[in-house]
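I am attaching a structure below and will ask some questions about it afterwards.
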Amino acid sequence: MTEYNLNGQTCRGDKIKAKNLNFYYGSFQALRDINLDIPGCAITAIIGPSGCGKSSFLRLLNRMNDLIYGSRIEGTIELDGKNIFDKEVDVVDLRKNVGMVFQKPNPFPISIFDNIAFGPKQHGKKSKIELEEIVENSLKKAALWDEVKDKLGQSALALSGGQQQRLCIARVLSVEPQVILMDEPCSALDPMATLKIEDLMRTLAKNYTIIIVTHNMQQAARVSDTTAFFMMEPDRAGSLVEYGLTSEIFTNPKDKRTEDYITGRFG
Amino acid sequence: MKETLKNRVSRREFLAGTGVVLLSGLLGGCKSGGAEGTTTKTVTESGELSGTISIGGSTTVQPVSETLSNAFMEIFPQTTVTITGGGSSVGVKSAADGTLDIGASSRELKESEESLGLEVHILAYDGIAVITNTSQTVKELTLEQLKQIFAGEITNWNELGGADGDIVVVAREEGSGTRGAFEEMVMGKDTLITDRAILQSSNGALKTTVAGSSNAIGFISFGYLDSNVNSIVINEVEATVENAKNGTYPIVRPLLYLTKGEPDGLVKKYIDFCRGIAGQAIVAEDYISIL
Amino acid sequence: MTRYFTDKLAKYIVFISGFTAVVILLLIALFILREGLPAFSEIGVFDFIFGNVWRPGIDQYGILSMIVGSIAVTIVSMIMAVPLGIACAILLAEVAPSKVRNILRPAVELLVGIPSVVYGLVGLVLLVPIVSNIGGSGFSILTASIVLMVMVLPTIISISEDSIRAIPASYREGALALGATKWQTIKGVILPAAKSGIGAGVVLGMGRAIGETMAMIMVIGNSIAFPNSLLDAARTLTGNIALEINYATGTHESALFATGVVLFVFILLLNSVATVFLKRGSNAQRLG
Amino acid sequence: MLNVSAKQTQKLAMAGIWGGGVITLLLLIVIIGYVLLQGLPGINWEFLTTNPKGGLSGEGGILSTVVSTLYLIGITLVLLVPIGIGSAVYLSEYAPNNRLTRIIRYGIETLAGIPSIIFGLFGYALFVTVLSFNFSILSGALTLVCLLLPTMITTTEEALKAVSYSYREAALALGTTKWQMISRIVLPSAIPGIVTAVILCIGRAIGETACLYVTMGGSAAMPSSLLEGGRTLSLHVFYLAMETNAMDKAMATAAVLIIIIILINALTNLLAGRFQKRLKGIS
């Protein structure tokens, strides 16, 4: 599959391409033989029971797994056709391109403004005017501007949980990534805040490739264009069971295990 | 102290006095020889004399060193003299290895120390007083009794005509010059101070201990004597500067400044000052002047 | 690219400074051993450690009486400090209402902060005359032990309190639900569960006691004789070093470094014992 | 049903436990009360601003000892803080969980348990003798750096560890280098904790004597260079008590020390409280 027609536009069907991917923590195999093509300008949901390796997979995409001592990868993940595990790939640039939003909102204990400006500053943008522009645009894109424009100097920790998470999304947007990874971004939020984030995701999907790991199947069904279902094998290694358009996975799953999971028979 | 010194020696008198010191130094056979020219020069430009001298060692010499150095620094404001204690052996060792410019000792050099290349400058003579608590009724002792007390052979004051009470011997630590001199003059070559003795690391601490303990006996420099303790009459001679001067008091030793080789420059200046009229006037307040 | 260069450089600098502590430890061991070895070889390890006479003036170097002195003050102070410290730790962790805790805990912290010379000074001025009324000069093992007791108390209290606090609440609830009194709970459940931690606290307190120097010099009398009673003056290993190092030369100086070696070994032993206690403690808690 | 003896034991034991607390508190009150009672009357402007005469007299104030103490702390911190923070950063951010790291940790623990006088011996052998810094403030400060390093490292590491892991992830995910993450996010967030560590070390430096007694010389004069000897406030107390009869001056100096320590403890608690709040986001 090379091209998708999603969200009213034509997208590259293999923005991210995992090939024969195996992942180990020490001697424990966390992922087995993953082959997966993720389309650009779309939202891909990864679902599956706890411990199936979906978060591990997500963290491979911007190589956050590098932080884990003793982890090991076989196979490749290509971003726009280039293997991100290649020696010459600059992991710092990769992470700038592939941003991440975490399970729990984690704004830095500094002001709202400084939170957003932090990334651009580290990448060499120093001028105040430039930074102000970036902060405003990012907050606007994250639908947070109206709520915080009068208190940019306040500590980000004073915001509500939902606002904090949108701030974190704005922070990611500030470094202009192509891909945004979201690791259960709403699990710590109330339903209202969750809805806001989901709306935001739909808006962002026009310009960004979003991959979201979620426990919440309704959420996956609501927001995503494509869905990947992961499961744990008997030896606890995670593997990809089924992958396809969300509408198909949820209405007409091909694999019995997917159907069982979606209809709530286990998990 | 500074006040009295100012009253006693004006600057001009001091300059004149230094001349006398140089003269008396020559007459006394003190080696000042080649350095004489430079000395005279620095004296005439006294205001510009500058630098640092470090002195350390004997705690007996320490107070007089401090008074002397204060007087010296008042006359030569650009100079700094630092004074530390530690005991005579510290003075000997530190002067020999160059850790200090001047080592202070309240005993003569031991045989083993004579090969260290140290120049000896006698600063003063000092008596060692034997002290007891003010409540002690025993006021007189012979040298022989002292020896037996400090050797731990006499252990109760009632053996000496006093009240019943175990004698608490308080002595200085091994490195002390006062102890060294006391051992040499009272204990003799073969007798050691009892290992039961409480050891204090300075004259002051020893005096405090004796002042606070009714059965204690110890020994300190004349310079530290005051009304907080009794001083024992030894062989019927009282522990006074006069008796030490006229030779009747039996426990007298020299206080020394030691330098590695012949001193020059500022160090020589300082030692000459101390041994001169102005310096000796200060020394004479508590010790026996060499002049 | 400069930020990658900075990143690398920072990594190396930080890596090097990470080793400073180990390097210092090795240097200390090296210097103390190097300076102390001549004494061991000249005097003989046995004669040095079990020799009873310390007379540098006549080349006699035996430190037995000081080893005994150090051990005596450590043990006597521990006999006083351990019950007091554990009682205080139980009070802080289990019994006292927060009001009392808010007074007692800063008080314990303050005890840690007071300089050892201040303890020595108070001991010298206040305690020595009192002890001399019991007998002797007042400069004694007993006096030194009382001063040490106060100094090690905070170590025992804080480590014991931490280990009591680390016990899961379920232990307490379990015992109390069975109808045990508070004291029965403490004695039967809490103290046994916390005993490794308390043990570590006691051993670390011993380490502090055996290493204390200045306060000891001020109140123990520094006598070189073998002490026969608690009212006798004595000398500690630490005091021996501090009193004589500045003027010692030759074998004498080396013998003082050798004294340091002996002290070092004592401390290493105590530290290993404490580590064993702490490991056992954390294992027990993991299993429990 | 509880029998009478269990109740009685309970009462007795509680009395013992409370007794322990009361005795501890009393000990502190007696010590601090005595020193302040004896010492405070001796503290006045003149006492604080004149130099001690030194030697036998014990007369004079404490100015030069305060200056020596400040010099000593100054040089100590200049060396201690960067090395301590560097070492803590290595242990908390870089060190892999391997044998080498365990050796480093064991080294720090062991160093923390070594008595002050052994550091003194080491300083005497290395700084005073081999490097010929003589008895000086510099020798004392270098010795003190060795002594305080474990405290500085472990307290700083705790402060770094208290910074949430999620901040680190967030920073890295924005495409920072590791060092940018540490220097821009982790260290700034840990500043109150690091300041607490520094104050803790200052407190210990002020109270330390044994290792300085054998490396600093003890001159009571105003130091004019780092290669000169000096005496700290604590050493001054020792010299006054042991070499003079000026117990009133010793008590006054001790009272100054105790006041400083009380202030330092209060400051540490205040900062620690702030740090907790800040990390919890209630600022």
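As written, the chain order gives the labels A, B, C and D, with residue 1 at the start of each chain.
Everything that follows uses one rule, which is that contacts are C-beta pairs under 8 Å (C-beta built on N, C-alpha and C of every residue); 3 or more make two chains touch, one makes a residue touch a chain.
The model shown is predicted, which means the values in this text are computed figures rather than measured ones.
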B-C or C-D, whichever has more C-beta pairs in contact: C-D
Relative to chain C, chain with the most remote C-alpha centre: A
Per-chain Cα centre nearest the global Cα centre, belonging to chain: D
Where chain A and chain C are represented by their mean Cα positions, the distance between them in whole Å: 54
Computed distance of Cα centres, chain C from chain B, in Å: 39
Inter-chain centre distance, chain C versus chain D - centres from mean C-alpha coordinates, in Å: 17
Gap in Å, rounded to a whole number, between the CA centres of chain D and chain A: 47
Junction residues of chain B - those touching two or more other chains: 86, 94, 200-201
Sequence positions of chain A contacting 2 or more other chains: 92, 122
Where chain D touches two or more other chains at once, by residue number: 177, 180, 241-242, 247
Contact set on chain D toward chain C in their complex: 2, 6-7, 9-10, 13-14, 16-21, 23-25, 27-28, 31-32, 34-35, 38, 82-83, 86-87, 89-91, 93-95, 103-104, 107-111, 113-122, 124-126, 146, 149-150, 153, 177-180, 182-183, 203, 206-210, 213-214, 234-235, 237-238, 241-242, 247, 250-251, 254, 257-258, 261-262, 264-265, 269
Of all residues in chain D, those that touch chain A in their complex: 96-97, 164, 166-167, 169-177, 180, 184-185, 188-189, 278-279, 281-283
Complex contact set, residues of chain D against chain B: 53-57, 128-129, 134-135, 217-221, 223-225, 228-229, 239, 241-245, 247
Chain D-facing residues of chain C, complex: 3-4, 6-7, 10-11, 13-22, 24-25, 27-28, 31-32, 35, 83-88, 90-92, 95-96, 100, 103-104, 106-111, 113-122, 124-126, 150, 153, 157, 179, 181-184, 186-187, 204, 207, 210-214, 217-218, 238, 241-242, 245-246, 256-257, 260, 263-264, 267-268, 270-271, 275
Of chain B, residues touching chain D in the complex: 52, 54, 56, 59, 62-63, 65-67, 70, 80-86, 94, 97, 99-100, 200-205, 207-208, 211, 223-224, 226, 228
